[in-house]
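The structure under discussion is supplied below as structure tokens; questions concerning it will follow.
Naming follows writing order (A, B, C, D, E, F, G and H), and every chain is counted from residue 1.
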Amino acid sequence: MDERNVRILQAVAELGTGSPDEISEYTDIPKSTVHYRLTKLKEDGVVSNDLLDVDLEALGLEITVVTEVIAEYDEQYHEDVGEQLAAIEGVNQVYFTMGDTDFIVIAHLADREMVHRLISDYEAIDEVVRTSSQFVVETVKDEPHPLNDFELETVVESIADED
Amino acid sequence: MDERNVRILQAVAELGTGSPDEISEYTDIPKSTVHYRLTKLKEDGVVSNDLLDVDLEALGLEITVVTEVIAEYDEQYHEDVGEQLAAIEGVNQVYFTMGDTDFIVIAHLADREMVHRLISDYEAIDEVVRTSSQFVVETVKDEPHPLNDFELETVVESIADED
Amino acid sequence: MDERNVRILQAVAELGTGSPDEISEYTDIPKSTVHYRLTKLKEDGVVSNDLLDVDLEALGLEITVVTEVIAEYDEQYHEDVGEQLAAIEGVNQVYFTMGDTDFIVIAHLADREMVHRLISDYEAIDEVVRTSSQFVVETVKDEPHPLNDFELETVVESIADED
Amino acid sequence: MDERNVRILQAVAELGTGSPDEISEYTDIPKSTVHYRLTKLKEDGVVSNDLLDVDLEALGLEITVVTEVIAEYDEQYHEDVGEQLAAIEGVNQVYFTMGDTDFIVIAHLADREMVHRLISDYEAIDEVVRTSSQFVVETVKDEPHPLNDFELETVVESIADED
Amino acid sequence: MDERNVRILQAVAELGTGSPDEISEYTDIPKSTVHYRLTKLKEDGVVSNDLLDVDLEALGLEITVVTEVIAEYDEQYHEDVGEQLAAIEGVNQVYFTMGDTDFIVIAHLADREMVHRLISDYEAIDEVVRTSSQFVVETVKDEPHPLNDFELETVVESIADED
Amino acid sequence: MDERNVRILQAVAELGTGSPDEISEYTDIPKSTVHYRLTKLKEDGVVSNDLLDVDLEALGLEITVVTEVIAEYDEQYHEDVGEQLAAIEGVNQVYFTMGDTDFIVIAHLADREMVHRLISDYEAIDEVVRTSSQFVVETVKDEPHPLNDFELETVVESIADED
Amino acid sequence: MDERNVRILQAVAELGTGSPDEISEYTDIPKSTVHYRLTKLKEDGVVSNDLLDVDLEALGLEITVVTEVIAEYDEQYHEDVGEQLAAIEGVNQVYFTMGDTDFIVIAHLADREMVHRLISDYEAIDEVVRTSSQFVVETVKDEPHPLNDFELETVVESIADED
Amino acid sequence: MDERNVRILQAVAELGTGSPDEISEYTDIPKSTVHYRLTKLKEDGVVSNDLLDVDLEALGLEITVVTEVIAEYDEQYHEDVGEQLAAIEGVNQVYFTMGDTDFIVIAHLADREMVHRLISDYEAIDEVVRTSSQFVVETVKDEPHPLNDFELETVVESIADED
């Protein structure tokens, strides 16, 4: 992995496309290079398919941390706090839940130093009262395409119910 | 949404591609129809970009549940239990964590009946001792492309450290 | 309060009616006595309105206990356990909840001896692992008619949404 | 269910009577209509008996939420906070308990949006420090007439003890 | 039990003696009456032995409540708070413990109203942040003379170790 | 403190009397010695008053431990377990409580070795699942005569209510 | 153990050496005395080896306390609080952990009075919100040389991985 | 760091000496090499002083994990379990504590794989019911020489009290 690859993959994520044209324009990397490198990344398994799903481990983002966040309890506070949590680097998912009215936050990180920074970033949010972070020993499943979590019939039925 | 759309979107998820050829072969829906419908789904916002990210709400998967699972404590048990949890319909992510050595599981569901079934499915795993599920009131962030969680420099630096 | 009053009020509760005819037939207390006594109970405030809502304190059911029940975790166990809990004398409400997958049970009782018996009854259910009971210091609200919990418009709107 | 039915049922709850005269006066719906509709609601099972017990599901109030409320700890605070909790729309029962000196609150709601509003309403009470809400998966028992929770003899004895 | 008996028993407790002379002087009840009544109380089992141990149930103090108290955390705060807790009516024991640095308080009370007052008294102490009270279902043992908790040899040995 | 003093004080506790006659008979220590030594113990402050309340510290019982005991949950189990707990040396009070249906146990001990033995004794009870012991840093109050916990009027009123 | 021995052992700890020269200079105790006494301490088992590891029990530091510290949650607060905790007398280890973002502190103490002082010292730190201390019943292992915790190969491999 | 250095440092830890003679005999590394390398390790800061304290980070043991262990509750179980915990590779300290009667275990590890193995090793102990591990973000203090935790006078006084 070099910087160019990272720039291309971030363009993919940011633009939501694998089009060499658009990526080239966004990154100033020649279109043919974009094309060549994307093909190479797919061959190397960093990108796993046509939908360009990236392999977190291959990118060095080996650490996953699940954090429970307890924040001060004020009217509508959860919108502000939720957005501040979402803006922290490495934070991938933020859920505002009913039980204990906390946030559950999932972050991907590269090393111990980033863990340290993540916790400092939580501390820097005024309304945050308390956090409890859990280190993930093993990610058993993390399916990028939720439809893969279902049998075809289940989703079809559920849609039928809706209508 | 009708059944054909669901079948096309599941083919996308399963095959990891948006190629009308492959989807047509997999679903027995004519290639032109696949093409037409994918374009339409994109226009309708069910599919948000070229990477064909789906909108869970548009698919009727409105409910997100975060569950803490405590299982019996035996050598290597977490591999078996983890796989059983991952195989339950609707389960999207399964993390084996260090604190309390539990699993944290995230599932997407369509309605109350599916919530009921999810909990019964957890109960049906022998080694599971206890579950505590939290209803998500609001999904503040759920980024399908983790690279969007970072500044360019952070990832570049982190790769440099690795090498 | 004497035994006749209790028998009449239980007939009301059991039959779901305040009709002196039906109550008389069910209790073998003469119809005119039923009528006279119901009127008297209303005057005395034991029964608060035409819907014959009873005043728990007037009946000597002064103690309210809220119990969290944790039961063994087996497939569909919650149906069996739920029914056993519901059948215990004094138990008024039984909820099977998502968080910790426990039951929350609300019971009304007359004295310490009945509290003792209630806890022994919980213990006698095989699948029950653990209970934690909380004594209610004050019942701030216990509205027998849930529609009183809402503004008219809220319910009307909610019905409109459904259709 | 249409608006007229809702208005009639709320009059029943508010006035504590099924008398068409009083309901008609309160709602400005002609007496004969009130009579006809109540009969119809009983036939449809929305109202289950002469005491006009309503079926929450039939009214669209499908969701039950049990909430633990922790409030600031000040002299007599629980009276104020208790009343504020009781005044929130959808809140059906409020208990001030001895353990942890919290409130346990039970609410009935129609949909996710109302859950969202309920939690915002809790947040809007200054003295409330923290809430933890549990979604009810199944209401195993919710007996509107507590006398049905007892054997006849138990209540008779308990009254004898009192005197 | 009448007021005179209560006054005599409180004099016993306050003065730490069963001497009719001293009790008579303290209470202004004639010495012979004191003597007669103490003998009678012993016969009735209200007072169980020569050491004049009283039977709490016979005095109507049927309720025992164990409370965990969490207080604000400030230098030496526990001395002030401890004394305030000890001064509350009905409070019998106050322990300042190492785990969680809380107080454990044991109180004897006569009825629900006194429970209510006890909790209000806790709330009235500024530094108290939170209390959790547990109702005692059964007092299995409450030995007024701790030496009865030991074998003779154990205490003898322990004294030998000291010297 | 020598062995004779200990034997006399245990006789006081066991027999519930300070009568030199009875103590002499029970201990085989001459009556005059009993009388002389009790007077001396009172002068030394080991025994604080005519009711012969002993000073735990003076007896070397300096350590107080409060233990929460969780036991297996079976019908009537709490009677058996309660008695076994009450029989352990050093255990002074055993309460069976409603919250979590655990026992709260208070013990007085002389040194670390006895703490070790106490915990082993808890472990040796089959039905005991888990214990959590708290070391008391300071006993703020431990009133041997509960009537001292009340104002005269409070007890008088409470008795009046009873009758 | 007399004061001179203590001074010599503290010099060893402070200077990180067993050299009689340096210790003599630091303590003003003649070099020959230092030499003689260190040899004697080793023979007596107070010092267990050439590395001069001391036996805590032999020094009278018999009590070990593990404390969880919860502190106010502010940016970088953990650095300040961590240092204040580390400076308290008797505190041997201070860990800032991810779960609940608390400190875990291990202290060695000589007697109850020092336990009392330790807890007062924690209370005196402004940012400390709450502490929970656990008394160690038995130190099963406390290895001064962490390399003894590993097989040779494990450390060799781990170093190989690094390079 | 190469294998020879590791072998020398483990000999130091195992033998409790820095004597080149003894280390040479134990490791079969020539005495002069031992001497040279120890001097070099001191210069490089891997070994910090004459007492040969090693720097964990320099050895690649960068991760510290604090684990709470809950084990089955049986007579004397804690001796067996304690020893099994102490024998796990990487485990440095094992405390059997009074609160919750659990073990607190501190381990040093080199990488994620060793964390994984550590948790599997805990799982492999039959009597272990549950573990909760906390990742240490920062070791604020870990003093190898406990005497450095005290002022001179404190230890002197404490010894005086003993005698």
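Keep in mind that, in the parts below, a contact is a pair of C-beta atoms (placed from the backbone, for glycine too) under 8 Å apart; a residue touches a chain by one contact, two chains touch by 3 or more.
By chain, with names taken from UniProt: A, B, C, D, E, F, G, H = Transcriptional regulator.
Predicted, not measured: the structure shown is a model, and the values here were computed from it.
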item: Length of the shortest touching-chain route, subunit C through to subunit H; value: 2
item: Reference interface C-E: repeating pair among F-G, C-D or G-H with over half of contacts shared; value: F-G
item: Pair exhibiting more inter-chain C-beta contacts, F-G or A-B; value: A-B
item: Centre-of-Cα separation between subunit E and subunit A, whole angstrom; value: 60
item: Centre distance in Å when subunit F and subunit H are each reduced to the mean of their C-alpha atoms; value: 42
item: Centre distance in Å when subunit B and subunit G are each reduced to the mean of their C-alpha atoms; value: 49
item: Subunit H, residues touching no fewer than two other chains; value: 78, 98-100, 115, 119, 132-135, 137-138
item: For the subunit B and subunit H complex, residues of the former touching the latter; value: 70, 73-78, 98-101
item: Subunit E-facing residues of subunit G, complex; value: 65, 115, 119-120, 123-124, 128-135
item: List of subunit D residues in touch with subunit B within their complex; value: 62, 112, 115-116, 119, 133, 135, 137-138
item: Sites on subunit C touched by subunit D in the complex; value: 1-3, 6-7, 9-10, 12-19, 48-54, 56, 59-61, 64, 66, 78, 82-83, 85-86, 89-100, 103-104, 106-108, 110-111, 114, 132, 134-152, 154-156, 158-159, 161-162
